[in-house]
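Shared chain: chain A. Partners: chain B in the first complex, chain C in the second.
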Partner chain A sequence: MIATLGRSARLKAASLLYSLGFFYNVLKETARFFSKSQVGYKVLILQILFTGYEALAINAIMAIAIGAAINVIGSSLLPQFGQSQLMYSILIIVITRELGPLLTAFVITARSGTAIATQLGTMVVNHEIEAYIAVGLNPISYLVVPRFIGVVVSMLVLTIYFNIFGLLGSFIVVQVIKPTPILEYLGALMSTLTVGDVASGLTKALVFGIVVSVVATYQGFSVNRASTEIPVAGIRAVGLSFILIIVADVLLTLVQYA
Partner chain B sequence: MKFKIKFADQIVGLFILVALAFFVAIVVLIGANQRWFAKDYGFVTSFASAAGLAPGTSIMMKGFTVGKIDKLTLNANNTVDAEFHIFDTYYEKVREYSILELTVSPIGLGSQLLFHPGRSEVRLSEGAFIPTAASPEGQTLIEQELVEIPPKDDTITRLLANVNPLLENTNKTVVTVNRTLTEVNRALAGQSTGPLGDIVTDASAAAGDVRARVGGLLDQVSSLLSELETISANLVATTDSIRDPTGLVPRLLDPSGSIKTFLDDDDALYKKVMSIVGEVDRSMKSLQGIISGLNSEMPKVAGLLNETRTAIQQAQDVLEGVRNNPLIRGGVTERVQQESLYRAMREGSFE
Partner chain C sequence: MPEGDSLVPAIELRDVTASSGGFQILSGASVAFPEGLCSVVMGAAGSGKSTLLKVAAGLVVPDSGAVSVGGSDLARLTRKEELSFRATTGFVFQDAALWADTNILGNVAMPLRVHKPWMGESTIAEAARVVLHKLGYDEGMALRPAELSSGEQKLVSIARAVVNDPAVVFMDDPTSNLDEDAAEKVYELLAELKQKRRTVIIVANSSELAYRFADRLGVIKGGSMAAFGTYDETVGRAEAALSGSLARLRARGSRAAARSDGAENSQRGDV
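And now, the complex of A and B:
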């Protein structure tokens, strides 16, 4: 039993070191990505298109719904305590600092994380990776880095859109229930919103984007030979991404508020 | 080729550019609302304590934020030096004699730093010292009415402002009630020289007078009644004697009886009877005079009784009011009854 535990720990440690090495290689290749003209640019554009642009609709609907819910609940509940002005603070904390990056990361994980893991897993099973290596293409440079940058950029851009739709789009919904002058709403919102709030949300988005893309690509490359490993890799990518996103969110929140 | 794939570059470019444009717009709006591009005018002040203050605390004037606290430092004199700035929009309000006032919510809702402009046309230059309302300098400016201090507009402060006069009135009422009770006690003890004491004294004297007068009258009336009882008994005995056929009357009517002898007395009996009648007549007149005197005294007696009753009712009302007043309930010290000494302490020495 002790031997089993020891072997398991050794394998885990080796796996961790391998993943750290993989992450290091991704960062190293990312730094070199923009300094040289390469075909990976087209992959990057398509990755942003699929991960960012195509997720915009669901992201916007979620943002508007959550923003409207906070507006409606806040405008009916907070006046009972004489704290109506806190509605904007709550809206900003929930939309900009917490739920914006978190829900966007979940959406990207569910949509693109699985897609990336599945796609790379399929390429491994089909020996495409070996073909890339055979013709002198670095698979990390050509396959991982565009996806890594694409997911991170999409995450950042979608978080900005989530903030816009959550803070401003919900205003349209609120107008149906409780008409409020737009200038008054915007003035109060912008007086409460700080650069720290925006930076906090974008920092989380950056970290979550890195987590999702690295985990998805790593899990995609972890497929060996059988095609049955591909959906398993996708599931592992989603599960591990969710866990790491939540852990990262907690750590970043602690750093910001500590 | 699908539209999205064909124009992927344009779509992605637009997707990112719109987001960047929104981001820049939001940052600019935040900056505009948070006065990144506006000039602020710095001033300094001094507080006794930094409790309720912090860098970033808003300085309010009539509900508007006119500035913020920048820095707080505890100096060598154990007072707090504060640097603050006033927005350029409100710089014209910063005139000579202006003061700052730190107000703390009485119900624990935090504190508020208020700016009160001075009544002067001279505008203070940047970096000038502005005293606080709690400082002697600020107090002097307030006493000299050189500062525009608006009335407090929050409900709690207004309520508290109204509570003080109420408490003063309550205190005055309690003092008045205490004085009244003391006066009543002194009057009842016969030690008062005021109107209530006079009333009680008069009532007591009137009651004593009435008791004395009525006692005298009752003595006279009782003596008269006893005399009348005697007369009545005599008349009853006489009537019985007259009704008895073998009694006094036949013997009186008998010519050989003693009546003849009795009546043949040179009107001595007649004179005696007449003198008795005269005494009875005088007694009746005396009784009539007593009764008329008693009648003449009755209004006075009635008046005295009314005054006494009114005084007792007033005293009863006062005592009931005092007993029912929740503010001083339990406020009157319970009187300790002094047990009477049956035996003086040194009595034994002189036995």
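And now, the complex of A and C:
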């Protein structure tokens, strides 16, 4: 019993060390990525197109809907407490600081996290990774780093995009409940918005982007030899990313408000 | 053909053990592949041929033992040294292992794009076309690997391995999945590599390939080298312990005698 526990703990520790080593290598190769002529630029551009550009529509729809919902709820609740003026603060805090990065990370995890994990897993099974090594391409610098940078950049851009469309959704609802000139609405928003709000949201976006890309690439490479491991890698990438994103969100929120 | 013990080993494995998925595949394998010669290693399915080749090429890290390349430990090469090792080697995978998201031209051109980007894209593309044509591949360059037959994929894989004119070529069963015409093209390529004194290391099931090209013939059994030496030495030594391909090679008789017969016949034909 004790021996089994000890063996299990040793395996977990080895696995943790391996994943930390993987993360360290990703950061090291990322620092080198732009310092030389790279055949990986094409992979980076394709990743930004898939993760960022192709997710614009779904992110915009979600942001408009969330912005509208917050406004509807706030407009019915806040006047009861005589706190209608808090509407803008709530919008900024909920969308910019919390839901913008969080929901964007969930969308990216569901779309790109699974795609990256299953794509890399398939490449492992088909010996494509070995073929890259054989021609002298480091799989971390050629396959992981462009995906890492692509996901992080897309995460930051999509979060800003989510914020803009979230506040736009709120504006649409405002027009129904209490028609307000756009300049007045934007003025009120801008006077409420602080640098801290933007920095907080973007910090979370950065951390979530790192989490999603590293977890997905790591899970993709963890596929060993069987094609049946590929969907498992995708599922693990999503599950683990969700957990780590929520944990990171709580920790970052604690740091900001503690 | 250079012979004798003074040959310089291009790649040397010393007491290598390697495992995969918890199963030990190589157990104490030792072999020195001489520079400038064609070495062929044969063995039954599951004997560890492919793993031996991948360990020799630095694609699989051994659990223990050492692999040396030109006297340097492969595991201790710096990043720069490893890159120059890759620039001078090519690897043909058993199942082609083409990059599915890259077209045929991109697959074959990749080694040149990585190691000789100064050649320029049009020259690189032309070099890729030339080597593909030499191997008898006449399909489109913009096709994806999935659109090709397994034989065509194998030809593309071979083209990718030799497009950079490497000093050492590793080949895992290069004629599997090929029809006789395509296999003949590969034999022509092997003859050219031998003429250029490239180091060619092949693991194969084809006794025809071993008969025609092996300067050194090895036999792997149970994860370790049962025999490795000149063609005649190995065929002569291993017949008691081995069956299959080696027995078929032995049944074909002495290669030297066959060659001298062939020469006599061709002289008679000339008269």
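Just so it is clear, the second predicted complex is superposed on the first by the 255 of 258 C-alpha atoms of A that agree within 3 Å, B and C clash if a C-alpha of one lies under 4 Å from a C-alpha of the other, contacts with A are read in each partner's own complex, and residues count from 1 in each chain.
To be clear about the criterion, a residue touches a chain if its C-beta (ideal position, glycine included) is under 8 Å from a C-beta of that chain, and two chains touch if they have at least 3 such contacts.
Every value quoted in this text rests on a predicted model; they were computed, and no experiment measured them.
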| item | value |
| --- | --- |
| Simultaneous placement of chain C and chain B on chain A, clash or fit | fit |
| Chain B versus chain C as contact partner of A:Val157, first or second or both or neither | first |
| Which of chain B and chain C A:Leu78 touches, first, second, both or neither | neither |
| Partner chain in contact with A:Val195 - chain B first, chain C second, else both or neither | first |
| Contacts of A:Leu86 with chain B and chain C, given as first, second, both or neither | neither |
| Which superposed partner A:Arg225 touches (first chain B, second chain C, both, neither) | second |
| Touched partner set for A:Leu186, first chain B, second chain C, both or neither | first |
| C-alpha centroid angle, chain C to chain B via chain A, nearest 10° | 170 |
| First (chain B), second (chain C), both or neither touched by A:Tyr53 | first |
| Partner chain(s) touched by A:Leu137 [first = chain B, second = chain C, both, neither] | second |
| Smallest separation of CA atoms, chain C relative to chain B, angstrom | 11 |
| For the chain A and chain B complex, residues of the former touching the latter | 45-46, 48-49, 52-53, 56, 153, 157, 160-161, 163-164, 186-187, 190-191, 193-195, 198 |
| Complex interface listing, chain B residues touching chain A | 4-5, 8-9, 11-12, 15-16, 19-20, 22-23, 26-27, 29-30, 32-34 |
| Chain A residues touching chain C - in the complex, by the definition given at the top | 37, 39, 122-123, 126-128, 130-137, 224-225 |
| Contact set on chain C toward chain A in their complex | 20-21, 54, 57-59, 82-83, 86-87, 89-91, 93, 95, 97-100, 110-111, 113-115, 117, 160-161 |
